[in-house]
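First chain written, first letter: the chains are A, B, C, D and E, and each begins at residue 1.
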Amino acid sequence: MQKIGVFVCWCGSNIAATVDVKAVAEAARKVPGVVFSADYQYMCSEAGQGLIKDAIKEHGLTGVVVCSCSPRMHEATFRKAVQAVGLNPYMLEVANIREQCSWVHKDMATATEKAIALMQAAVAKVTLNTPLTAGTTPVTKRALVIGGGIAGMQTALDIADAGYEVDIVEAKPTIGGKMAQLDKTFPTLDCSSCIVTPKMVEVGQHEKIHIYSYSEVTQIKGFVGNFNVTIKRKARYVDEAKCTGCGACTEKCPSRKAPNEFNMGLNNRTAVYIPFAQAVPKVATIDPEYCIKLTKGKCGACAKICEAGAINYEAKDEYIEVEYGAIVAATGFEMIDVSPYDEYAYTQSPDVVTSLEYERLMNAAGPTGGHLLRPSDGKEPKTIVFIQCVGSRESCSSGEMRGKPYCSKVCCMYTAKHAMLTKDHYPDTDIYVFYIDVRTPGKNFDEFYRRAVEQYGVHYIKGAVGKVTPEGGKLKVQASDLILNEQLHIDADMVVLAGAIEPNKSARPLATMLTASMDTNDFFTEAHPKLRPVESPTAGVFLSGMCQGPKDIPETVAQAGAAASKVIGLLAKDHLVGNPCVAHSDEWMCNGCSQCETVCPYGAITYEEKEFRMPDRTTKVRRVAQVNPAVCQGCGACTVTCPSGAMDLNGFSNAEIMAEVDALCR
Amino acid sequence: MASTYTVTKEQILSISGVDPQKCMRCGKCSATCPSYDEMEYHPHQFVAMVEKGEIEKLMGSPSIYKCMSCMACIQRCPRQVEPAKLVEAIRLGVIRQQERNHLKPDDIPALLDPELPQQAIVSAMRKYTK
Amino acid sequence: MMYQIPMESLDRLLAAIAAQQKLYLPTDNTAGEAVYTEWTQGAALSKKLNTLRSAKDFFFPQIQNMAKFRREGKKIEVIDDRAEADDFCIFGVRACDVRSFDVLDNVFLADPVDTWYETRRKHATVISLACTRPGETCFCHTFGIDAAKAGGDIQCWETKDTFYLEPLTEKGQALADALIAADGELLTQCGADQEALVEKETERIHKILEKLPLYDLKAEDNRERELELFRSKKWKELSSHCLGCGACTFVCPTCQCFDIEDFNNGETVQRYRCWDSCMYHDFTLMAAGTPRLTQTERFRQRFMHKLVYYPKAHDGLFSCVGCGRCLRKCPIHMNIVKVMETLKEEKE
Amino acid sequence: MQNELKWRGLELLKDGAVDRILGWRAGQFVYDITPDVFTDPEDLEKNFIYNEFCGANLSKYLIAESAKEGKVAVFLKPCDTYSFNQLCTEHRIHRENVYVIGIECYGKVSVDALRQRGIDGITGIRSEMGSLKIDTIYGEESVPAMEVYAERCRNCKSKKHVVFDELIGADGEVVDDCDRFDMVEKLEQMSAQERFEFWRGELSRCIRCNACRNVCPACSCEKCVFDNPKSGVLNKAAADNFEENMFHIIRAYHVAGRCTDCGECSRVCPEHIPLHLLNRKFIKDYNELYGDFVAGESVGQMSPVADFTTDRDAEPSVVQKGGDQ
Amino acid sequence: MQMNDKEWKPKIIAFCCNWCSYSGADLAGTNRLSYPAEVKIIRVPCSCRVNPMFILRAFQQGADGVILCGCHPGDCHYSTGNYHTRRRMTLLFSMLNYLGVESARTRVEWVSAAEGARFVSVMDSFVADITKLGPNRRLEDLRCKTN
């Protein structure tokens, strides 16, 4: 039998002026289970808390109800107070008789009556409360960053600088990501390589960072503080430890037909290759699809030339398991496939290129050595048409959609950059940019765009291109100028398509492994759009860079740092103290239907086959739900979806809430 | 009756099933239109003008007969606004204003040609009855 | 003494009884089943074989309020809220249900007397009615019940044009007298000719009974075989697909188990008893658990009780009356007849 | 049909392909058929029955049967296969232990429908050209079969087997033009007062025998909330109108999105309460609000009741749009 | 004992999610915005914690109206809870309506922590609706009430 004490606060006159606090305390004494009640001017004061503590000791109270201000105000205060004298903090309930009673009602009789009802509901609830203890789980002090682009590198560096071990898993043979492929960056026009390659080196050399390049995450188990991750190390056929990155093998390799990914397939590379000169790790990789030895069994040229003996044709995919405390998704983006846009003739003419291809054509390390030459005939283009919003901002009403409904955010700015850089090198080039809107919210962004128009004389035309027709070595561009209200026909030498960006294809399966939620566009969802923008709703999973939504480099770096600080905050703890108000499943009642698993936003529920000793002395294997209290956040979605009521929520149990309902309906 | 029959924006929207508010003013319809130079009002203007309710102006313009219904604008519109359907709806509006074109169901049997495909009859009914 | 009344005057008879006391009779409900309802002008006696739920509801209703407790502060007041019953009359009870009252009486009227039951029973006059069209599920004959002579306080027959009444008890005779006193022209005393006609009707019914598929079913006295049957392996097979619902027990005229529950609205507690079913997994649940862990054991309990335990305690009287309701209502058609047949096989 | 099923069952048992056959056992009458498991070929030969009264949905028994050792073969009618899939989705059936034999079905007869026509004393039934000849001890009766089919068969939603390992008879199609929602619509069009009275009329007959719940393949809880003293809604009998409503509302809610509309609840109700009308209301609602969904159509489906969309879901206020008070 | 109409005041149970609506109600108090005292609030972590059984229980025990308040869709503290609420309650309310319970007796409203004034207007209008409807007769448990 519970012994409950009720403490009614006056809150000065805040409560006492409208609620007859004496009457509430008096009424409390009549409630079964209540053995003590008192009223006091300020319950939250030292003296008020003392009153509560003394009563607990004196009357051996097992539960306490404080009738005062909102529990959002002082619940924690009173919990601490009762805990100080040995009562479980969850054996306390607050009846909100200020915000939801004295402050909103004017008539004393009415307010007092309601206060008594609220007190009775709180007593009804606390009578059913059970002591709760928050569980603790140890934290593995190691972080995993998935993706080695600028987002992943920055996150890893920031975490590592704080003194924690970080692993980067990168699918490509080198880290660096898309930024390494860029020529210059807007709006400062500084060289992209010049800022990203030192970062790559820093990452490569950091003693706390380990890079798993040419690797993928294949399985994630566990939960915040205790993830168990399986990493697949794809067979590289070159021993990373032995390879010196001298590049001799790449010179000798007779297979030279593999498309060079780094140059967007604009030229070819050898089957054994180092993606680019500043690659980190600077280690060769054999492309098994093109290697003659691996496909036909003969050759072995690279093995012969390699002085380090690093070549190993027998290599197999390896799987390693590593424990982590936190995981950061930094899977980045890709440009959409623009070939469905037949009207832009991307598949019909090599001179129609994507922006990223154009980036490589401008780059000194690119296929043309930095000379802007048309891919078809190697001549300098005189007229270039840039088309904006290819696949961005498309309507999503129909089922079949070529593009994306969102604005890709960076295209306006990089197109201005392309136009300016082109004009810089080849001032007599005619450049047309067809735009729907030019979006330049950012520091020095609009100034940058205006420079392209005013200083460089780039023709910005409000309107879209209707079609591009390759004809007689030219690209006939038909477009509308919405300002002059005329249709334009331009004979262009090159057309550059600013394709929409989309999340990397690996993000969706990763999200499934992480039980992290995604939006319909496959961008990771943040835990709160305003207040928790770098956290995933899944505890211990953080978001960095484009995988969360389109953003430019400075924003990416900022988010990377923010994600890192969240990770550091987590890893700095030795133990995670959970919220004890979590769901729990009564295994004897659970029928294993998995409905709860499907509604849990945190992936806190798993199913286990467990052996049960039945009352008739037989054993039975049953599939039952298990809640991981470290992951559960206590929303209660599962409790309602459970038909048998096997799933219940600590602190807000079915019985407790129903007792409140009963008390309030009296 | 004919003289008082006015075509409203709502009618055009309901005939065409088009929501001009979906338009983001990119002009790709006009960029793609093969009849552009022949037209007084261009496809993107159809969208904007219908939205503003300037139906009379469009109905009086020869532009509506310049549209060849090639549907390129429908095909290429990134937001599925379907300007050609608006042009067709305006044309229908004009037809419906001309009462003599109004076909009564009773008149049809006499006009029926056994060779006439069923589909043509149905589409004629659609077009010439209000 | 036997009375008669033309069939077309049946309504008059019913009205006359209803003028004396509350009258309940089987009428057809919207779902096409016969149920006992209170007589109102124009109520038509059901033509169905029998009512969906048995007549035990009158004495042992599904819900019976027992007492109330009211709390004032920390004091509790106990309120005995039983209402004294008025006299009432149940009309058209079949022979099987009439027998079921004997079965229930043995339980509820034995010491300690169940006063709720006793009160209702005391105030009731049972007017039975011979079966005119027994169904294939009927096997009252098995338990020595005569569907043609239904018993009760007044037993009746209905033929094509005449309705016959024969008071059997003082209570029945009193009602008949009261009816006659109120309306001297209502009932006519039967002469020997008419009594012969009743006898003919009885024989007609007997002929039909002989044609029933379960006519030859024998109820064996298994009191000596209690332990043997208890240990029979057949129970597992028989019960293996029992759903554990309570349909059979709730339509059964002799099932008498109940549970006591409280409804608490915070200030007042209503204590009531309600039917329980031995088919339910929480049947006779105690603090230490249930003595019958599996459906097989619960299933066995039901039939052992009807066929062995009850006869053992009550001088060989079976607590099944062969009304056949469970044969019709079991969702999987497992029933006492199949159990009896199987146990018989066991012996052979 | 019966011989075909029996023959195939015998073959499977004798081959050792399966250890048990879940089917129907004949009773004393033509209609009192009990679902049962056969292990002995001789027993199967003698006592297996398949006729127009084999309405019982055998899927639910597989929860227990498939958990046992060995393989069990089961005969499933098209509508039963939906329940089977749904139970697989809920991990209640060990699929690997079950051999599903899909059987063709034209509809099952309801004995109650015969009785409601005043037919009693039934001793035999023959099916002849779409009509039933019923022998009774009072003479022969004849009724068109269609008229005495169970409600769920008159409004059959699918003759397609959504799962089977082998088929006996032909596979049919989903019935697109079935009228199973007509009555729901009719009720929706009534005033709230009329609906209230309709449901009071129906639910007040409830005797809380739990037959509907215990036969329901979706009600597969280890312990029902209404049997659980800890749930706060423990309820052995409907002691008040409210409790009748409560039980049926909550039961329908708990099976919403999982109910395959197999119709067992209405079939077994001793009081003939049209319980399927509650389940169908949920089905109709979520079909209209969230897109067509057929529970049990395939394994692993997401129930629309557990699912959601962030942008297209109707607000609960749509319910008020009727404006009826 | 039936109270006559003049004496009768509706009983309203409001389930409020801890993060938005309960704070919204607090804000109403902080701003001293008054609403009818018949509204009694029960704090739940998230609107998705509200089991249909709680709602029916409230009606059983004599509530005349039940309202659920949660974060606006998209703002749920637990990211998806109120989306579940939205579907569940739509279906439940539709079922109650189907059984003939007046649809105005149940309501879901989204009230954010900043919407103290909205909380008040929602409660005002709900109480007005219920007052107009009168006592709940179709979903109450009459036991213990008749004497």
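As a convention for this text, contacts are C-beta pairs under 8 Å (C-beta built on N, C-alpha and C of every residue); 3 or more make two chains touch, one makes a residue touch a chain.
Computed from a predicted structure; not experimentally measured.
Minimum number of contact steps separating chain A from chain C: 1. Contacts with chain D and chain E are shared by A, C. Most remote chain with respect to chain E, judged by CA-atom centres, is B.
Averaging Cα atoms per chain gives one point for each, and the point farthest from that of chain C is the centre of B. The interface with the greater number of C-beta contacts, when A-B is set against C-D, is C-D.
Spacing of chain C relative to chain D, judged by their CA centroids, is 31 angstrom.
Per-chain CA centroids place chain A at a distance of 45 Å from chain D. In terms of their C-alpha centroids, the spacing between chain A and chain E amounts to 35 Å.
Annotation: 78 Å between the Cα-based centres of chain B and chain C.
Taken residue by residue, chain D touches two or more other chains at 225, 232, 239-240, 305-307, 310, whereas all remaining positions touch fewer.
The residues of chain E that reach two or more other chains are 52-53, 57, 61-62, 74, 80, 84, 88, 141, 143, listed in rising order. Listed for chain A are residues 599, 641, 654, 658, 662, 665-666, each touching two or more other chains. Touching pairs of chains, sorted by label, consist of A-B, A-C, A-D, A-E, C-D, C-E, D-E. Of all residues in chain A, those touching chain D in their complex are 519, 588-595, 598-599, 607, 620-621, 623, 641, 643-646, 654-655, 658-659.
Against chain A, the residues of chain E that register as touching in their complex are 11, 13, 18, 22-23, 25-26, 28-30, 32-35, 37, 40-46, 48-54, 57-58, 61-63, 74, 77-81, 84, 88, 120. Listed in rising order, the residues of chain D touching chain C in the complex are 27-29, 31-37, 56, 61, 111-112, 115-116, 118, 120-123, 136-138, 201, 205, 207-211, 213-215, 227, 234, 236-240, 264, 267-268, 270-273.
For chain A in complex with chain C, the residues that touch the partner chain are 30, 32, 614-616, 662-663, 665-666. By the touch criterion stated above, chain E contacts chain D in their complex at residues 52-53, 56-57, 59-60, 73-74, 80, 83-84, 86-104, 106-108, 133, 138-143.
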